[in-house]
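Chains: A, B, C and D, in written order; residue numbering restarts at 1 for each.
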Amino acid sequence: MSSSDRKVAVMPDKSKKHGMLVQHFYGKSRVRMTKLSRRPDRHELLELSVDINLEGKFEDTFITGDNSLVVATDSMKNTVYVLGAKHDFDSIEDFAKILSAHFLQQYLHVEGANISITEDLWQRIDLDGKPHQHAFFGAGAEKRSVTLKETRQSIAIESGIDNLRVVKTTNSAFLGFIRDSYTTLPDAKDRIFGTTVSARWLHDGENSDFNTCYHTARQAVLEIFATHASLSVQQTLHEIAQTTLERCPSIKSITLTMPNQHRIPFNLEPFGLENRNEIFITTDEPYGLISASIART
Amino acid sequence: MSSSDRKVAVMPDKSKKHGMLVQHFYGKSRVRMTKLSRRPDRHELLELSVDINLEGKFEDTFITGDNSLVVATDSMKNTVYVLGAKHDFDSIEDFAKILSAHFLQQYLHVEGANISITEDLWQRIDLDGKPHQHAFFGAGAEKRSVTLKETRQSIAIESGIDNLRVVKTTNSAFLGFIRDSYTTLPDAKDRIFGTTVSARWLHDGENSDFNTCYHTARQAVLEIFATHASLSVQQTLHEIAQTTLERCPSIKSITLTMPNQHRIPFNLEPFGLENRNEIFITTDEPYGLISASIART
Amino acid sequence: MSSSDRKVAVMPDKSKKHGMLVQHFYGKSRVRMTKLSRRPDRHELLELSVDINLEGKFEDTFITGDNSLVVATDSMKNTVYVLGAKHDFDSIEDFAKILSAHFLQQYLHVEGANISITEDLWQRIDLDGKPHQHAFFGAGAEKRSVTLKETRQSIAIESGIDNLRVVKTTNSAFLGFIRDSYTTLPDAKDRIFGTTVSARWLHDGENSDFNTCYHTARQAVLEIFATHASLSVQQTLHEIAQTTLERCPSIKSITLTMPNQHRIPFNLEPFGLENRNEIFITTDEPYGLISASIART
Amino acid sequence: MSSSDRKVAVMPDKSKKHGMLVQHFYGKSRVRMTKLSRRPDRHELLELSVDINLEGKFEDTFITGDNSLVVATDSMKNTVYVLGAKHDFDSIEDFAKILSAHFLQQYLHVEGANISITEDLWQRIDLDGKPHQHAFFGAGAEKRSVTLKETRQSIAIESGIDNLRVVKTTNSAFLGFIRDSYTTLPDAKDRIFGTTVSARWLHDGENSDFNTCYHTARQAVLEIFATHASLSVQQTLHEIAQTTLERCPSIKSITLTMPNQHRIPFNLEPFGLENRNEIFITTDEPYGLISASIART
């Protein structure tokens, strides 16, 4: 039954029809699960926040309040824990695949399943040079993430890094930009470059080695950020993208978003001092924002 | 010069070319401006946060670090204050139009300007039943917003409300949904319905009466939320959308997003008490999430 | 049994005793309860977040891990809902009294109960000029709060307002402050004065009319903020405190904390324009912070 | 001139005197400074947020609006950058001492200076096993902090760690607590123990080796948390405190605050599965809260 067929069928009250439903989804967000794997030699800890959205033949509940085709979002929540218990998996990408496959198989009127998972990163506490078997500390605001969109025809898996904060104190310039009546910024030959990297890479197919790819991409971000002789945030972003594509053959494209989190030289002249590029006001806002997608050629 | 011409010209190092730039934008975010209009009888206060993104012929800075076509994001920031000072405007939509027109006129290599503005809502302090001439209190987390996308061919203005928190304590049910092996939620004939409405409406053209439209839409949200006999969040959302389209003729479509912020009945049985639908655990997560776009027919 | 007696008894390993427990408390925080009162003509909605801390003879669990005197914090959580269900109350102060009395009566080794409650403020939706019977919208970030400290000898109830954001666009100056080699701020004859008021008032006894007192204090804050000819944030704060003490006879003292949330004039000179005290940079940080306690004489 | 002398002198309007100023302070908060030290072999990066509060003879500005003794908070902000530029220091404790000494020396009517500094922790990016000379990544939400209170008679320096998130997946129990009509929590022989440690230690004098002390204390927190056979959060907290006192001889006392951030076993029985202590709901609220101060004997 097509969406337009349906519309005719369910329209109960013509006088109220000022518009038609052109897009809709629903689901459960922030389902947080701790999964503990008690291995003989060590414990593995996975802490996830899962968002599920379904698309499909759900017009009735919008138009008439008939819920007979509605999967309760509470049931979606249950499903996360039940499938989390039933299955072994070693990446959030694999768990996202398990979840989306479930919803498409279990409910024939579901046309698309969108699964987003964010992973809290825990690091083993180091004691006497050895990683502890079951004690961890929080690795910070940085997260690993995946967004999977599956329909009955296709699947797209985009993995990523959120909130990777980095700063370099030299080897970054910004010169030769447009100078007109709206410009007051001086050229900077040597500036601090601070950003919080968000990276998203689209896998070529659904069977990448997700974990290797993640670690390779993360290392590329750190290495290129540290070593690139930067003429602009844009250029460094582009170089990171090129290097990631080079090192991760199973990635089709990558999107990087990098705010320019300014450190502004404090004017010490009124106090009879010279600022030798050493004292800065740390700011959160306003901030520059640079984003680009680079696709494999 | 076409984008593909450009690419050939600047490719300096073939060995590094693993991908091509398929999408990019950059700009300044969180430019916060207070604009005060000192009228004879009262002061008008406008507090805005502006995000600007430009699209256009900016490939060089990505690929070679040549910034000669780059409008510094610091200059974008200056532009907000300069145009904010030069122009009178009485809505964030009008200011967004002034800003986007500026960037397209001033810089011929800019192909698209995207302006998002969020307005802090201040309410006059009431003294002896009269609104004060120059003293205000914060109306809360709720914001008014606009997102404008302008190219050399088109303009799209989407206005909205963010973070409008509402709750109703009866006249909401959720019954008859799919009951299978993943379901534990009981039917609810009378539940608390709490949500935080986000609404975005697309204007038909660029000369709507933005302020009337905003106030009409906001009142429709509140009225329908309060009075609708709700069989599902979806149905109430749909009814709000239909009513807004009915009352605001210049709107082409509306997108509503409404989380279901659950109040869970606390189980008083272990304590020898009955919960007569009066005592609940207030929760933030997990939450349901319902979203739909309704377009005028 | 005195605390020092106890220490001798439980000290299991002298070599580990490098310090002694000089202060300790424990409890449950962020217990969130929605209480709905279904009145014939309207519903009353109360949404609270409760923090409970107990002090008393809890040294054993610290020193030996013997939990036999420990009230589980999970039981404290249960207690909030159970007492919330059993009792009628019309202010958070009264609920705090019910809770603290319970812990002191139920557990003889508890020496002090500290209860903090924060109330989300909901306002009835207005339809056709009438407040709705069961539909509400969120009144913002502002909260009502109480902190109650009860021991077997005494009780102190401090009520308050958190996060009341206000701004006035004139009738505020800041002149004649110390001008030395660290000063760059010019005198301001007419500045914007924006703040977020936090107020805490200590009741004289435990049987104040808490609701009247709250509404009177809140109105005093708004009225004096709006009308005071301010020579400094300090002076306005002091005037608010004096007026609150004047109007609320059952208050013993009041503490006000008011950040100075600066709006900084944007320098339009580089752009050939004059800033007639109308265009400002809205900032969150850094901010001034002024705090004082005023006690009834 | 004593405070009571002053009060008589400035009281301009007896009718308004309903209370007297019993406590007051003011200052500047969130002064954020990046200090870069360009060493021959590497760059040192320090990113701080400084809060300054002064106490002293500031009654006039409260009572009459006379600002002649007021150090503008804007000047305090300038002072942070000026003294940050003038002085070398290798800990936030030393910078706090420089700042407080300045305010007490520069302004004779200042009676107390309270300086709080929070340090963002940056870690060098590791390339080929070597820490990079000038590129860093953010070590997370964890901060290092100091609070210094100096008067003309005394100085107290309290250093600390904020937001150190840790979790252990076994070796933690909670048994034998009070079981009464408010109790539903079962005994737990083996539970996940997750917390976010806040530690504050008071130095004995003002010339501790602050950096060694910080690293020793932080390692003690991690080591004891990981290895302690925990019978309660309280007991682990106490053991951490004892060990820190043992290893840091220059510490007089330590205060630890540790929320109990619950992972709640998900009930898999309705789904025909057994939860072998492996699948949990991760929660933020409500949470237990344990705090204690342990002083050297």
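Here is the rule we go by: contacts are C-beta pairs under 8 Å (C-beta built on N, C-alpha and C of every residue); 3 or more make two chains touch, one makes a residue touch a chain.
Quick caveat: nothing in here was measured; it's all calculated off a predicted structure.
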Contacts shared by subunit A with subunit D include exactly B, C
What's the farthest chain from subunit D if centres are computed as the mean of the Cα atoms? B
Subunit B and subunit C: spacing of chain centres that average the CA atoms, whole Å: 31
Inter-centroid spacing, subunit D versus subunit C (mean Cα positions, whole Å): 21
Provide the C-alpha centroid distance between subunit B and subunit D, rounded to the nearest whole angstrom. 37
If a residue has to touch 2 or more other chains to count, which residues of subunit B qualify? 32, 78, 82, 182, 184, 271, 284-285
In their shared complex, at which residues does subunit A touch subunit C? 181-182, 184, 270-272, 284-285
Spell out the residues on subunit B that touch subunit C in their complex, using ranges where they run on. 32-38, 43, 45, 47, 49, 78, 81-82, 84-86, 122, 125, 127, 132, 134-142, 164-171, 192, 196, 222-223, 225-227, 263, 266, 268, 271, 273, 275-283
Which of the residues in subunit C come into contact with subunit D in the complex? 16-32, 51, 53, 58, 61-75, 77-79, 82, 106-107, 174-178, 180, 182-185, 230-235, 237-239, 241-243, 245-246, 253-255, 259-260, 284-297
